[in-house]
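Each of the two complexes below includes chain A, the first together with chain B, the second together with chain C.
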Partner chain A sequence: MKKNLVGNEIDVNEEGYLTDMSHWNQGIAQAIAKEEGIGPLTEAHMKVISYLREQQTKGAPLTIRSMGKSGLVTTKELYDLFPGGPLKKSSKIAGIPKPVGCI
Partner chain B sequence: MTKHLLILGGGTSGTMMTNHLRRRLPADEWRMTVVDRSEKHLYQPGLLFLPFGIYQESDILRDTRDFIPRGAEFIQSEIERISQESHLVTLSGGRELVYDILIIATGCRTAPEETEGMLGPKWRVNVHDFYTLDGARALRSKLAEFQGGRVVVHVNEMPIKCPVAPLEFTFLADTFFRERGLRDRITLTYVTPLSGAFTKPRASKKLSHLLGDKGIELVTDFVAERVDQEHDKLVCYDGREVPYDLLITTPTNMGDASVQRSSIGDDLNYIPTHKHTLQSLKDPDVFVIGDATNLPASKAGSVAHFESETLADNILLHIAGKPLKEEFDGHSNCFIESGNGKALLIDFSYEHEPHEGRFPFRFGPLRLLEESRLNHWGKLAFRHVYWNLLLKGRPLPGISRTKKKPIDSKTTKES
Partner chain C sequence: MNTPEDRRPVKKVCIIVSRGSLDGIYPALIMANGARMEGIEASLFFTFFGLNGLVKKTMDAMKVSTVGNSALNMAMPMLRLPMTIPFPTWMGAIPGVSAFATGLMKKEMEKLDIPPVREFLEMISDSGGKIFGCKLAMDMFKLKREDLWERVDDILTVGQFYEDAAGSGTHILFT
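Here is the complex of A and B:
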């Protein structure tokens, strides 16, 4: 399905996650963040988002632990930056798929 | 001189690979060795049933050697180090094994020490696990005497092996307590770091009602900072707390410690592996299978089974100097206990989420993503399939290594 984000028609899935991470830009990130009740996005948010996009491009699995270990942010800070669901919200804002289980 | 194929790990993956390749590699050209720390082979899916007394230990334990074919040597030992540059594996006693081709099938394990407070004085008193034989045994005794209170089933961190097992455990616990007339004295809560018990759209739509129907409470997006054993509660990084009388946790899973000692894994000791060929990304003579890989597939026996068929072909291609098949598609196929003598069957891959339909083929007797008694009997029967066909690398009738493309769900419903 399509969604209008800052004047662009973007492909998203039924939960609002971008289906193609290359359609992402910072304006889109700000718009999704606003919808999620987060932001405005600061440099600290953007560091996490860039890291997520990098890992996703490499095909590396995203875990809260790997983010904590990356030295970017502690898990506590991650909850402070993205309250309510750090991985699912940061992934949505970063334009990458939601972390899921097998069902 | 004969060449040497070395297989690290004699669990599901290692045993299947030994059987596949011993049949296919000429004995006068290839010697084969399997190394595992244990002389006992554990049917891991059975750990889900042991705490409820549905299976006994004798149902789920066999001698590892009984499944290693003639013409392959079994060595019982811990693995100290893998040195890929020199094609050498050092065992814990110092013995060195030189290989021409290495298959790493060292699996993964639970690591309760990774979470603060988990291994405190109440570990296996009221903080339990069921992914180990000792843990499942201790939990069986605990459940047999449990009379009521707050039962919390918890997943600490993804990825975990058999990712649906904690949810299945919750469903089976509901039935277990109900049958004992204790259910109204018990609250049952499922705590997950993910955004729901079901995270994929079709499964979520189809199955979310199961929790409500069974009166199971759900706590999501919960990453445990610590287990507070003094006050019997789980504490989340964001300050939320979940109190318990009985905690059944699934600790963080990690790859084998030998992977860490050899510096060939990621943060969780999983080995970077090509997701379609199963070749190591570092060394073409090294292949990785099962829970030891970093693949974005489920850590499950069915995945290992499908991988083993592709990997056996690829090792022969590699020996012949031919290009490998980029064949493995993340195919997974699992029975999921939903309680009350029923189960679901799911079939999915990297590309396709679990969907509705029939199995095997498109007309088989089993229904996908739907509760049925037949699926439950299928799950119980699978133990025999495991011991008699799967471990021996025999084909499972009607089950293909790659995922069959689902037909449109609308059509499926009408069929």
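Here is the complex of A and C:
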């Protein structure tokens, strides 16, 4: 399905995750963040988001533990930055698919 | 079909951890961490043998129970054997078997990025989850607050546990 985000018609799935991560830009990130009740996005948010996009490009599985070990954010900071679902919400804002892991 | 009324979200899980083996504690840790990842509040209440997971001196040395565990055939694929091969229960009592099974299990868990007990508890605590010890079980095992992991939030009576569970979207899980 299509969704209008900052004037662009973007392909998203029924949960609102971008279906093609290359259609992402910072404006779209801000718009999704606002819908999720997060933000405005700061440099700290953006660091996490770029990291997520890098990991996704590499095909690396995402877990809270690996995020905590990345040296980028502590587990606590991650929860503070993206309250209400750190991995799910940050992935949505980063324009990557919903994480499927349980950890 | 569920009506929207029936589909009220889970807001909080209060998980009772009553078993003190490695396989006994992990389901609770995974469910609590998973809840926090979904934005669901979580608290863990360690009681009876579950306290083994909070005692500073024992929490890093928890073992898979190999005695009286008739489902150990599930672990056979870790030894590259078919899951249908039964694991004779008497073998579980041989010295070293539990340690061996524990090592094997830990290796598999590490591959899935499942942390060891202490690190897992730290993750849950960092995420805002609460860790509680049971007052009665502490008294029974002659444990003092200082015997427990430093980040335990509180020692609760059963009544206080239920008070903590108050709220319409709370679910109490027993493991």
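In this text, the second predicted complex is superposed on the first by the 100 of 103 C-alpha atoms of A that agree within 3 Å, B and C clash if a C-alpha of one lies under 4 Å from a C-alpha of the other, contacts with A are read in each partner's own complex, and residues count from 1 in each chain.
What we mean here is this: a contact is a pair of C-beta atoms (placed from the backbone, for glycine too) under 8 Å apart; a residue touches a chain by one contact, two chains touch by 3 or more.
A quick note: this is a predicted structure, and the numbers were derived from the prediction, not measured.
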Notebook entry, point to check: Fit or clash for chain B plus chain C once both are placed on chain A?
Noted result: clash
Next item on the list: Determine, under the contact definition given at the top, whether A:E14 touches first (chain B), second (chain C), both, or neither.
Entry: first
Checklist line | chain C versus chain B, contacts on chain A by residue | finding: B
Notebook entry, point to check: So, A:G39: does it touch chain B (first), chain C (second), both, or neither?
Noted result: neither
Note to self: Looking at A:P97, would you say it contacts chain B, chain C, both, or neither? Reply first, second, both or neither.
What the structure shows: neither
Next item on the list: For A:A60, decide between first (touching chain B), second (touching chain C), both and neither.
Entry: first
Checklist line | First, second, both or neither for A:G84, with chain B first and chain C second | finding: both
Notebook entry, point to check: Of the stretches 81-89, 171-179, 207-215 or 243-251, which one of chain B hits chain C?
Noted result: 243-251
Notebook entry, point to check: What part of chain A is shared between its chain B contacts and its chain C contacts?
Noted result: 61, 63-66, 75-76, 79, 83-88, 101-103
Margin query: Taking the touch rule as given, give the residues of chain A at its contact with chain B in the complex, in rising order.
Written below: 13-15, 59-61, 63-66, 69, 75-76, 78-79, 83-88, 98-103
Next item on the list: Provide the residue numbers of chain B that touch chain A in the complex, in ascending order.
Entry: 157-159, 163-164, 192-195, 198-201, 203, 207, 220-221, 223, 225, 236-238, 252, 266-268, 270, 275, 294, 296, 298, 332, 334, 336, 346, 348, 354
Next item on the list: State the interface residues of chain A toward chain C in the complex, per the touch definition above.
Entry: 61, 63-66, 68, 74-76, 79, 83-88, 101-103
Check: Considering the complex alone, what residue numbers of chain C touch chain A?
Finding: 30, 33-34, 36-39, 112-115, 119, 122-123, 126-128
